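Each of the two complexes below includes chain A, the first together with chain B, the second together with chain C.
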Partner chain A sequence: MGLKSLRRIEATKGWSISTVYFIYTAIFWGYPFFWLFILALSKWNFLTPRKFIWFNNFIKMFQDELFWRVVLNTFNFMLYYIPMVLGLSLLFAIALTKIKFFKTFFVLAFLVANVSSGVAYSIIFQRLFAINGPLNKFIYALTGKTIPWFSEPQLAILSIAMMVTWKFIGYYGLILFSGLNSIPKSLYEAAELDGATGWKKFWKITLPLLNPSIVMVLVLAISLVFGIFTEPYLITGGGPMKRTFTFQMMVYTTAFQKLDPGYASTLAIVAALMSFGCVILTRKLIEREVEYA
Partner chain B sequence: MKKVLFVVLIMLVVFSAFGKEIVFWTAPNPLQESFWKELVQQWNEENPDIQINWSTIPAAGSSEEAILTSIASGRSPDICTNIFSGFAAQLIEADQLVPLETLPGYWELIEQRKMEQIVEGWKFNGHYFVFPIYSNPMLMWWRGDLLQKLGYDSPPRTYSEIYEISEKYSVPNEKFGMQVILGRNWWDRWFDFINYYYAASGGKSYLDLERARATFNDEHGKSVTEFIYKMFKNNWTAVDLGNYPLYNGVVLGGIRGPWEINWAKEQFPDVFDDIVISPPPVPDYYPDEEPVYTFADTKGLVIFKSCKYKEEAWEFLKWVYSNEENDLRWVTMTNLPPARGDLLTNEMFTDYMAENDFFAQYAGFVPYAVPPALTTKTVDIQDALTTYLIEPLMYDRAGPEEALTDIVRRIRTILF
Partner chain C sequence: MKKIPKIILYVILFIASLIWIYPYIWMFMGSFKPSDQIFTTFWPSRFTAEHYRFILETAEKMHRPFVRALGNSIIISVIVTVSVIVSSAIIGYAISRLRFKGRNIVFNFIIFQMLFPGFLFIVPLYVLIRALNLTDTLSAVILPSLMSAWGIFMFAQSYKSIPKEFIEAARMDGAREFWIIAKIMVPLTGSTASIVGLFTFIGIWDNFMWPLIVIRDYDKMPLSVLLASFNHEYGSYVGPLLAGSVIQTIPMVLIFLIFRKYFLQGISMSLK
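Our next item is the complex of A and B:
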């Protein structure tokens, strides 16, 4: 058998295996992706014929007060969520390294939050944080005051950030835990011989060597902020004063309540671009080459 | 036996080849489902040549979403219920609906059901595209027991009366006079602001669609905005009232629809007996003897233009709605007032009304319940009402006049 026919057989095999994936991607990714861009350049209401309006949706977006409100909300949310989720997951991961018994139980207990239905726990939190809910009753008994968790603009953002943090501590904590486990023990032993204290070991060894896991958690957390929907949609409806109105809520209401899928597609594209931008920026600023040797 | 089977088989083949099938979607609500299931079965048995293919609106984020998807994919139903005014306007504008008055016997049916006044609220460009099925007036529920403790035998009627009881009852962060605002969703504005405006203005429309502007920047609109502002400013109401505020005694009263009757009876049987119903509050200048108008939470059914057998579809609807017994069954099963003008006078409903006082009170307001404006921009307008009128008043970010001027300007931009 010649080299050429051998190559042809190999190529046929390769194509026949990858074609299934190509077809799948073309239908379920390529087609919607292409359609998204067509829609972003169109005016349509699902019912009447679609009209090409080129970049009018983008121009409209930059003049839309609500779009800028959502951009601000997203960064405002990040300001609470990222430090909170990163700090607490790190604490959880460190706690896991110290625990000797029931480690799997604790991991599973925290992961339950991650696999719970968003709708179910949103309703539970709403009842829990209500002005006459158990949490406020307890605070009132102690201090004589209540906290308007979902009705004061900044508190509402913080409350939702707390809920999402609760959901993701277990998941991000596990990523950081595996990062902590991959740091060689010998490094700590050497540092101890040199007389390094606990804090010094944390700042000089743990944190720098945990960089890949931290970057991964940050990337996941940032992309999540641009995708939040269930909690604000169910609990605050985007209020008060539109402060908890997120990109995904805006995309959904624009497409299916205001019947403007063209503008919704434009928003989806811009949200995705902003999310990529933030991820790239974070990696540029924080990511470091790590060597354990 | 073989012969019978053969005949049945032949009949099936003939009907499937020549019989007419009408696709009919109804609201995904268990009570309404049982109503339609029986009726469709009866029709299909009596009319083998016109078969109704009945199902509930497919599961989706909302009924509107499911219907839109079906239209976009060319699989729209022939008849569909659960259509609200804003969505109807969008369907009409997209030329999807049949003007029902062009079908034989439309006006006879309207006359028979005394619906002349009701259908006027659904008129669009001189045509009647929607057949209203039910009309829920939105009324005030008050805690009679708590009012009596405060020394009142009847619920308050005017804003001043509400201020008076609120001042007596309210304790900061604990108890409030009334639940003034129902929520932050766009549809909540139907039940609070628009409802109060209808009550204050004697049922005047809040939008002038021909001139593309809001009409509520008049004395009535000003009174309503003042009322909302004053209630929040004095802590006589609050943004977050917690869970079940009316039943927990956190508020003395609030707006409720008839769908809450059965639920409240089951969940809070002790409190339910103390509930007193009254029309929405009115400004002090509103005449005593005049009837108070309310908002009508109303849904209707439509026939799509894509329907192959329009007259047959209409025949089916006429068969359902010309029989008063079907209305009685609807009332008994759903507790929603059917859209007919003779609910209080028709003997068919007398017994039911006598046994169900709450329902009777709602039924009494059907003639004064005004549907929302038929605009394609319903969601945009009501979203703007929340953000630029209600929330600034709630959080004291703007005074009543300032907020009113701002929202009227914004609605002009939305409608223009």
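Our next item is the complex of A and C:
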């Protein structure tokens, strides 16, 4: 067999394997992708014939109070979640760089939260944060008061933000930890020779050189916020006063309870666009070129 | 940071770790406590398996078949995990090591796919599953997850580090491509198969929104959905709920603890 025919056989194999993937993707990715946009421009209830209404779903969305409530909720949630999760995972990462012993134990203790089942940990936290739950017993013993974690609007958002923070500190912390480890030690030594203090080193060396890892964590955290469903669905049902109603809950109820898949698709597209928008904005504002001098 | 003695740092980290695993401890202990002691004691007067008996036997009579749901979850997760590993190993090989025209287009398309969040597809994918008459079947959960762009990408990336002499030598000996993948590529990138398998298993086992949508029949529900619906209808049965949560959690935590090394590698690999 000549080289040429061997090449041809290799190419045929490559193409046949790729074709299998393309057929699968055409059915379970391409087809839904196409229908996403058709649905967003349609009025339909899964049963009667579908009607094109062009951009009416989008117009309806801008006049929908519930949509604006969800947008506010999403940013309200981020206001608690992002600083909390970034701050704590940074502390965790820095602490890991300072210690020698038990490192594996600490990492596993924080990381095991990340592999908790969404349904199970929602059930558990609902009981832990309940009025007669262990957390309130503890708070009552200290202060003589109990905290209505899930029935006061801002507290309900905060509670869910705390749960998600619990889940992701280990994961984000490790991303930041590997970022910290890639900063050359010689930079700190040089700064110490110049008499730089701990805080100064943190602001002038650690934070700027950690930028790529911080951006990474922010991007992951922001994308996550737009996809939250399980926790509010199971614990608060979107309440109190719709304050924990998320984009995914709105997509779910619109499509499968109000039987309006067209409007639900519109909301999904807008949620994805807003998520992309926030990610791009964050990168524009925060991302810096990192140079190891 | 000389100002903080090391010992204080260890104490803080230790307390924080305990707080972090406390929900697990509370869940596990609670599932063995008598009902009236779940909220009142840390160490109960006696341990009981009654909640497990309730969730695995009594609930069956209430037509909440948890044993069946556990079986459904295992079937779904094993089929999806095996399928994703095998298909990603083969397709990843094709797009990284076989030379053919348009290979880069396929590769770039797979990266393009990874840009879109999964939630975009939920409503139209339901329309498809409904049109195929697959609602209330396990296939509705299995089929859309059989192949993964992320898995293919992970394999393709790690294959790139294998010298091409290995592949050429095997071909000289008349080895078939599938043999090369199974006996050379996958073993040499052993951690990739573990990473892809680990993350796929955890993702599909814990999948909630999608099976909630496509499965309404209690006999076909995976554990996550049946547990959630039980929580909704019988929220006051705290003991059995904790027992169910333990059963739902254990496979994920166990697999994580066994493959923890690869979990850490997976985090650093997806950053590249």
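One rule holds for everything that comes next: the second predicted complex is superposed on the first by the 268 of 293 C-alpha atoms of A that agree within 3 Å, B and C clash if a C-alpha of one lies under 4 Å from a C-alpha of the other, contacts with A are read in each partner's own complex, and residues count from 1 in each chain.
Quick note on the criterion: a contact is a pair of C-beta atoms (placed from the backbone, for glycine too) under 8 Å apart; a residue touches a chain by one contact, two chains touch by 3 or more.
This structure is a prediction, so every number in the text was calculated from the model and none was measured.
**Student:** Could you tell me whether chain B and chain C fit or clash when both sit on chain A in the superposition?
**Tutor:** clash
**Student:** After superposition on the shared chain, which partner residues are touched by A:F46: those of chain B (first), chain C (second), both, or neither?
**Tutor:** both
**Student:** Is A:F67 contacted by the first partner chain B, the second partner chain C, both or neither?
**Tutor:** A:F67 sits against neither chain B nor chain C.
**Student:** I'd like to know which partner A:F168 touches here: chain B for first, chain C for second, both or neither.
**Tutor:** Neither partner.
**Student:** On chain A, which partner's contacts cover more residues, chain B's or chain C's?
**Tutor:** Tallying touched residues of chain A, the top partner is C.
**Student:** What is the contact status of A:G198 with respect to chain B (first) and chain C (second): first, second, both, or neither?
**Tutor:** second
**Student:** State whether A:N132 touches chain B only (first), chain C only (second), both chains, or neither.
**Tutor:** Touch status of A:N132: both partners.
**Student:** Classify the contacts of A:Y80 with the two partner chains as first (chain B alone), second (chain C alone), both, or neither.
**Tutor:** neither
**Student:** With both complexes superposed on chain A, which partner does A:S151 reach: first (chain B), second (chain C), both or neither?
**Tutor:** The answer is first: A:S151 touches chain B but not chain C.
**Student:** Looking at the overlay, does A:G239 come into contact with chain B only (first), chain C only (second), both, or neither?
**Tutor:** In the superposition, A:G239 contacts chain B only.
**Student:** With both complexes overlaid on chain A, does A:L259 touch chain B (first), chain C (second), both or neither?
**Tutor:** Only chain B; A:L259 stays clear of chain C.
**Student:** Kindly point out the stretch of chain B, out of 1-9, 19-27, 37-45 or 55-63, that overlaps with chain C after superposition on chain A.
**Tutor:** 55-63
**Student:** Taking the stated contact definition, name every residue in chain A that is touched by chain B in one complex and by chain C in the other, in rising order.
**Tutor:** 46, 127, 132-133, 252, 256
**Student:** What part of chain B is in contact with chain A in the complex they form?
**Tutor:** 61-62, 64-65, 68-69, 71-72, 90-91, 93-96, 173, 183-186, 238-243, 245, 248, 250, 376, 379-380, 383, 386-387, 391, 394-395, 397
**Student:** Hey, which residues of chain C end up touching chain A in the complex?
**Tutor:** 1, 3, 6, 9-10, 12-14, 16-18, 20-21, 23-24, 26-27, 30, 39, 87, 90-91, 93-95, 98-103, 106, 113, 116-128, 130, 143-144, 146-147, 152, 177, 202, 205-206, 208-209, 213, 224-225, 227-228, 231-232, 238, 241-242, 244-246, 248-249, 252-253, 256-257, 260, 263-264, 267-268, 271
**Student:** Provide the residue numbers of chain A that touch chain C in the complex, in ascending order.
**Tutor:** 7, 10-15, 17-18, 20-22, 24-25, 27-29, 31-36, 39, 46, 92, 95, 98-99, 101-102, 105-113, 115-121, 123-125, 127-128, 132-134, 137, 166, 169-171, 174-175, 178, 198, 216, 223, 226-227, 229-230, 233-234, 247-248, 251-252, 255-256, 261, 264-265, 268-269, 271-272, 275
**Student:** Please output the residues of chain A touching chain B within their complex, sorted ascending.
**Tutor:** Spelled out, the residues of chain A in touch with chain B are 45-48, 127, 130-133, 140, 145-146, 148-151, 236-242, 252-253, 256-259.
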